[in-house]
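As structure tokens, the structure follows; a few thoughts come after it.
For clarity, chains are labelled A, B, C, D, E and F in written order, and residue numbers in each chain start from 1.
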Amino acid sequence: MNPYEGLERPPFVWNQHKDVPEKVHEWIRPVGEKRPEDAEAVLYGVPLSRSSISPSAASAFPEACRRAWRGFTTYNLDEDVNLSGLRLYDLGDVKQHVTDIPQCHQNIVDASADVKRHHPGSVSLAIGGDHSITAMIVKGLKEAAPDKTIGIVQLDTHFDLRDMRELGPANGTPIRNMVESGLVKGEHIHNIGLHGFFNTPDLKDYADHHGIHYTTLKQARKNGVAETVAQALESLGGKVDCVYFTCDMDVLDMAYAPGVPATTPGGMRTDELFEAALVCGRHPKVMAMDIVCLDPEKDVAGMTVKAGTHVMLSFLTGVAMR
Amino acid sequence: MNPYEGLERPPFVWNQHKDVPEKVHEWIRPVGEKRPEDAEAVLYGVPLSRSSISPSAASAFPEACRRAWRGFTTYNLDEDVNLSGLRLYDLGDVKQHVTDIPQCHQNIVDASADVKRHHPGSVSLAIGGDHSITAMIVKGLKEAAPDKTIGIVQLDTHFDLRDMRELGPANGTPIRNMVESGLVKGEHIHNIGLHGFFNTPDLKDYADHHGIHYTTLKQARKNGVAETVAQALESLGGKVDCVYFTCDMDVLDMAYAPGVPATTPGGMRTDELFEAALVCGRHPKVMAMDIVCLDPEKDVAGMTVKAGTHVMLSFLTGVAMR
Amino acid sequence: MNPYEGLERPPFVWNQHKDVPEKVHEWIRPVGEKRPEDAEAVLYGVPLSRSSISPSAASAFPEACRRAWRGFTTYNLDEDVNLSGLRLYDLGDVKQHVTDIPQCHQNIVDASADVKRHHPGSVSLAIGGDHSITAMIVKGLKEAAPDKTIGIVQLDTHFDLRDMRELGPANGTPIRNMVESGLVKGEHIHNIGLHGFFNTPDLKDYADHHGIHYTTLKQARKNGVAETVAQALESLGGKVDCVYFTCDMDVLDMAYAPGVPATTPGGMRTDELFEAALVCGRHPKVMAMDIVCLDPEKDVAGMTVKAGTHVMLSFLTGVAMR
Amino acid sequence: MNPYEGLERPPFVWNQHKDVPEKVHEWIRPVGEKRPEDAEAVLYGVPLSRSSISPSAASAFPEACRRAWRGFTTYNLDEDVNLSGLRLYDLGDVKQHVTDIPQCHQNIVDASADVKRHHPGSVSLAIGGDHSITAMIVKGLKEAAPDKTIGIVQLDTHFDLRDMRELGPANGTPIRNMVESGLVKGEHIHNIGLHGFFNTPDLKDYADHHGIHYTTLKQARKNGVAETVAQALESLGGKVDCVYFTCDMDVLDMAYAPGVPATTPGGMRTDELFEAALVCGRHPKVMAMDIVCLDPEKDVAGMTVKAGTHVMLSFLTGVAMR
Amino acid sequence: MNPYEGLERPPFVWNQHKDVPEKVHEWIRPVGEKRPEDAEAVLYGVPLSRSSISPSAASAFPEACRRAWRGFTTYNLDEDVNLSGLRLYDLGDVKQHVTDIPQCHQNIVDASADVKRHHPGSVSLAIGGDHSITAMIVKGLKEAAPDKTIGIVQLDTHFDLRDMRELGPANGTPIRNMVESGLVKGEHIHNIGLHGFFNTPDLKDYADHHGIHYTTLKQARKNGVAETVAQALESLGGKVDCVYFTCDMDVLDMAYAPGVPATTPGGMRTDELFEAALVCGRHPKVMAMDIVCLDPEKDVAGMTVKAGTHVMLSFLTGVAMR
Amino acid sequence: MNPYEGLERPPFVWNQHKDVPEKVHEWIRPVGEKRPEDAEAVLYGVPLSRSSISPSAASAFPEACRRAWRGFTTYNLDEDVNLSGLRLYDLGDVKQHVTDIPQCHQNIVDASADVKRHHPGSVSLAIGGDHSITAMIVKGLKEAAPDKTIGIVQLDTHFDLRDMRELGPANGTPIRNMVESGLVKGEHIHNIGLHGFFNTPDLKDYADHHGIHYTTLKQARKNGVAETVAQALESLGGKVDCVYFTCDMDVLDMAYAPGVPATTPGGMRTDELFEAALVCGRHPKVMAMDIVCLDPEKDVAGMTVKAGTHVMLSFLTGVAMR
């Protein structure tokens, strides 16, 4: 039995046979019969994407990400940081139901809260799944620590502020969901990377009305994307207890990330995204993150799966540098 | 406004400018402000696939099918039958919700009943969607004509008898759903085309226990698939009031139909399937059919979409030959 | 009947059912029985690519572009401009012949002139087709307004100055065609984006001899591509009555635009191209534009079709900002 | 200079370095400065497909076929026949023009006549190109030998009897072109392999009216496709001086031949086609053949190019068995 | 440590959490610290393909096959046989070297002998890898049981009798390797499925000279492929002590198996192959088998990997039916 | 016979029929019966990739590169340099063996030495093949000119310093191979372009210990990649007799170069690489170069093959500018 109630074991485990881990799959630790006590960071998969507006196999990314680990070493040459010193556990996947989406979402809330309660000091990474999961994870974090104020740094092509009454808790509504349910205040949300013809004016009005901060990719590039993220974190740092970093992979340009449900031209480059993820990881108030809307079945040459996995490692590099 | 309550207009309409239709898209009639009175056959799309066990874009098939019409003439050379004499209307698509699967299913029930009530004598074709829709369509038919006994001819690689308690109304459970809800008797179900390692023994036991008839592809090929279907129809003909033909496209071999969620080797050839569909269309008791589990996003060279569209036309050829 | 003589209705029309358009396909207006009087902008397709040097399905882009509209909102977030206020009509496609290329070209000339005569004050967009169409469209514009001097801004990997005697009016010769037929003066042509090993020295000599302005991508990047285009427009502004903007999609790097007949490495990025298109749209003398040599059948993950559609919308954003 | 007027050298030649040829590319002979005197068979490419109804890169098949030769040995194991004993020359490609389709077609007529005049006793193979070339090749054969009556065996999904006045000499009209220009009598034409919804009733009426023989694939399979072809040849043998075999690769099922402009389900299998081609090659009156409508750019895993090349080799096996 | 010397643990293991296995990956048993005593069948991977004539990633099939297990149940519906009753262990993969092919081959010999010595009564399956491995496995079997006469049933498009002096122990030479090294007598070899233009006459001569039995696919189809295999087994049964079944996946038609280094048209269908594999599995003298030359990186829609995995399961069905 | 002992003629030759070459394939000269005396530059293919760690078809790049020549003119517009003035010969391919990797490597050493001896003043380009070939080519150069000190400029995502005892002369070890065999001193090696999580700390330690210079992509971009390369060349210029430029195509970002065995995100752009190659070509001490680890079978839309060919042409542009 998996020691976490709402979580199943990951579908497979690597046979780790190196004394000193070189590759990521040799480093990340599986969980045994008991919850580990020494986790500095934990990750779990959220294989849900039937709540996506357009058809999506983002539910397949948790497993695809685990498979991709083998293609990466633990050593970040750019920063001369070896992740293998970080104690990171793979807790498994949140249980899902084939036709009961509310149950799926409740499971995510429960798992998120459960993980937070047992690992209050660990950084947690959720491997999605579509963007609807973010509101559920944050709800779980809030349940586990009701007094903590949470800020959000969101990298996304979209506002994700669409109307809950029309779509329910889908991948177009998580930010609105969090605002309307009182989990997060509008002014504690920073969305960076928006661009082009992929949002509607009413969503901008909603953002303005609720004081949500947003910076288009074009604006962000003036100082650099990473610097823009750093400023958002600095601004949040003085106002909230902890920061949640949510990375919608569709923020990337379609040349770099064809494997998302609605890939667009005019988006971010991977080098910008990786640096932004590192900046988030390095900030002491960032205690959780997710990677969402990555659909491995739409991928070309495996490049989006690699990019998503690299985001995870860039973020962890930041964590290791704290 | 669309004159059918539960239905939306199709996303697009072809500009039909030939006096005498040559291609299928020039022949099938759109619906205006009022319900047509002269329909011999009607079709509608059911763009639902978030109830699928594995990720599926079968929700995209109704639109893909309409696009594919342009690649087919109305004239079946093999049978020297011109479909253009048949008055067939495209009623649009059943409305769907992004996160409320029960609502999606209820909409299908309602639309099916509505269509049946307004076109009691017409043959109706539902373009799926995943296989969960079949139980909903049949439920709608039953609501519209509660006294009629319904038989089922199913072409499928699978029994679709998995446990409702585990999966809910998913694409693995429609036949069991119909049996357990009393819509259809087990002995009035004929499943043809099963093969290989894609079912479990307990499903066979369930089929045996409920008297469901099944014929593996290997067995069916001894007399020919079409002949096997003809015998099933003949057998049903004496026992039921009307027959529903459900065609799960995954019954095809993966060389012919890569565009299904779980394509398998060892399946049916398209020539066998087309002939079987024609046999169903020709039988006077077959009053409705569906085509399900065709995922255009998994397709290779557009071949599965063409095959699914051909099934529809083969079936209609049979109808025209009645 | 289509009210424009040389034009056929588009192959399909979207079912537009939103009161306030949100998506591009809900905004662009179809044409009824009469020519619209209030058009601020018009577009039409030119589905010709059998005049291409290498095999090309650029003839499929007009339809592919219309399909892609659904993936874009009317709202440009970067510029805070909503295109839905612009009255844009889709006039349909220029009629084509299967084997008579001269007839195809004459139809384009006629349609271009016809559109210009009926919408003299509207901006017109031609959705190609291969680059041979540009000379025909400009010829039509000239026929409709013989006194107007026309300047050209061309974004292209190639000079398009190959010898008419060798190739005829193909996609390698449109600029030479216009120069030699006296439609446009060499010094009124600005080609921006050339690069690499895709032109011959004699074409450069021809350009030099005729005073054609050209700026390689490398040179253009020194001040920025958009700024370079702005300078070309400024220079032309004082010399010509109107400017024609022709966008050969092969100007893009192959990582961003695999879907062109001869995609090359070392080309432009989409963010550069979109900004350049906006600059063109914003200039008051730019009265017509085209998008050519986009072959949807060569596309990968639909990215080139999306990029081409984005060019159209970026240009229209500029128009809306005038 | 190529010794054949209307022909260019093939774009490349293999470096043949085996004393005894094992692979096809080591066997087929290039042409030097003079026309060979000892040819038992000759082949040439016809890289034209801009006359195709839908966009096609069938013009790329001659080169793709030559590349594919390396994947085949000269030895047919099934028949224990070694083709290397047959003296086969590759004469090159018919010259084409980018925008002058009538000139392209005239070049084919001239080349066909030229080849026939210089190799009256040799079997000639034309590697297309789209189906429009067949009428041109036959016209050339007729010019070279005006007294000879020609019969046609056509393997095709289509009648190719569409109206010349609508399409001109396109790939939908070659058979009608030949009938109406008096090159071939209707009763000397046998079309085998038609199926499904890909023809219109008026074409069947035209065929009936002109006495054209046709056998659907379904009918042909009753005795076997090869046997049906053999009967057609036997029937023609008593009536005509020579037989032309034209193989439209779209006769194949899409599972076997995705690389054609309009691939269809329900078509022929490759094993049926190869045997039919051998039967044609073996018949003493078959003096010329072509392979058309194979578009390598649409291919999947190179399978259609391999199938087309195998057709050529199966036919030549028959020739070698005479 | 893996208890088998020449074998490494498989790269990953499935988390098997069902009490009663339903899927293949829940059934096949991993090996712990000790060699299992109760194995009825064992399998191991041979991830070597750098000895392939053309570039091949057949080395990736062992892992791809293990991944594919999840897509199959243990229950063969056609035969009403549940494999879950068979005790099958996955012993891991034979260790390979990056640049020392002789060492790779020796490791295979050693592993094969080791497995045979420890599981003399078990059926063993080797998941290749390219065809060079067959000679090594058989050599290992011979080392473990030198007195046993071994017969071979080979399904292949090729003779695999090419000259060792030219190629060394490559995938074109394993049968010759075994004959020339005295492991197997020519008359104890039955090759079934050869076809087309993929062998040379000298190989046929070699086969004839050494009394190797061969049956082309065309010949085999006269009585059926499975029946032909049954006759070969019957013939061998009286002459040898045990039979080795080697299945080169390139025996399949390219429409069914694009994922092989040299896929060909005119090959076997999967239904024929599966039945042949079952016949082999059922024969009491067949004690070992392999599946070779399946390159997952060349696959289309995963179909060849599924076909290869199905071959393994069909063979095991036969074993379970003994 | 090829006049170079260790080399075979290229598999094919283009039919060059232009008086003045316009395209690259019309310019590069084949070799006749004798070695050319006037070569300014020579190139040869090294079709070896069975020494690659992961499966690779880099052996197919020499032929793919030759095929790609047709897509490029000889004229570099950016630099206004026409390569056609440079006398460049294609010497053919180094002979390879199917299973004897040491023999393959020795053939490369011999060919490299032979080419160097006969063309001591010519720049030589080796078209790989995997990166193991670099150590062999340099060894050959050293054999031909033992007194010359050789420096290395390496563009690579990897150090290529893995342990020879573990892998042998594979594509992960060439730099270490050269250092340990004394061919090149550590301080004469400059590796530029490293990034991300694709190296291990021990390799960095090895580099540090041996004084190997390395600059990550991130560092290099501060002054520009080309400028960084220029500085490395300048530094080497004062210390060594000649410089070898080795270009591992996996240095490119996966969006630009999917066709390499282990493509990564976060890599170089093609415009950076092309400029770097030109800088190398222009430096008078660079006498040889290679392009390695480009696997055409993994390519998407032919983009990596085009990029690799462009690298060759950019380098030659530099040579022409000397």
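Assume a contact is a pair of C-beta atoms (placed from the backbone, for glycine too) under 8 Å apart; a residue touches a chain by one contact, two chains touch by 3 or more.
Since this is a predicted model, take the numbers as computed values, not measurements.
The chains in contact with chain A as well as with chain C are B, F.
Fewest steps needed to get from chain C to chain E, stepping only to touching chains, is 2. Summary of the copy comparison: rotating chain B onto chain E for the best CA superposition needs 120 degrees, to the nearest 5. Chain C and chain F have Cα centroids separated by 40 Å. Chain geometry summary: the mean Cα position of chain B and that of chain F are 58 Å apart. Chain A and chain E have centres, each the mean of its CA atoms, that are 44 Å apart. Multi-chain contact residues of chain E (touching two or more other chains) are listed as 255, 298, 300.
Contact between chains, using the touch rule, shows up for A-B, A-C, A-E, A-F, B-C, B-D, B-E, C-D, C-F, D-E, D-F, E-F.
By the touch rule above, chain D contacts chain E in their complex via residues 22, 24, 71-78, 80, 82, 255-256, 270-271, 274, 300-303, 306-307, 310, 313. Chain C contributes residues 194-201, 204, 216, 218, 253-255, 258, 262-266, 298, 300 to its touches with chain F in the complex.
Those residues of chain C lying in contact with chain B across their complex are 8-15, 17, 70.
On the side of chain C, the complex with chain D involves touching residues 49-53, 55-57, 59-60, 97-101, 132, 167-170, 172, 297-298.
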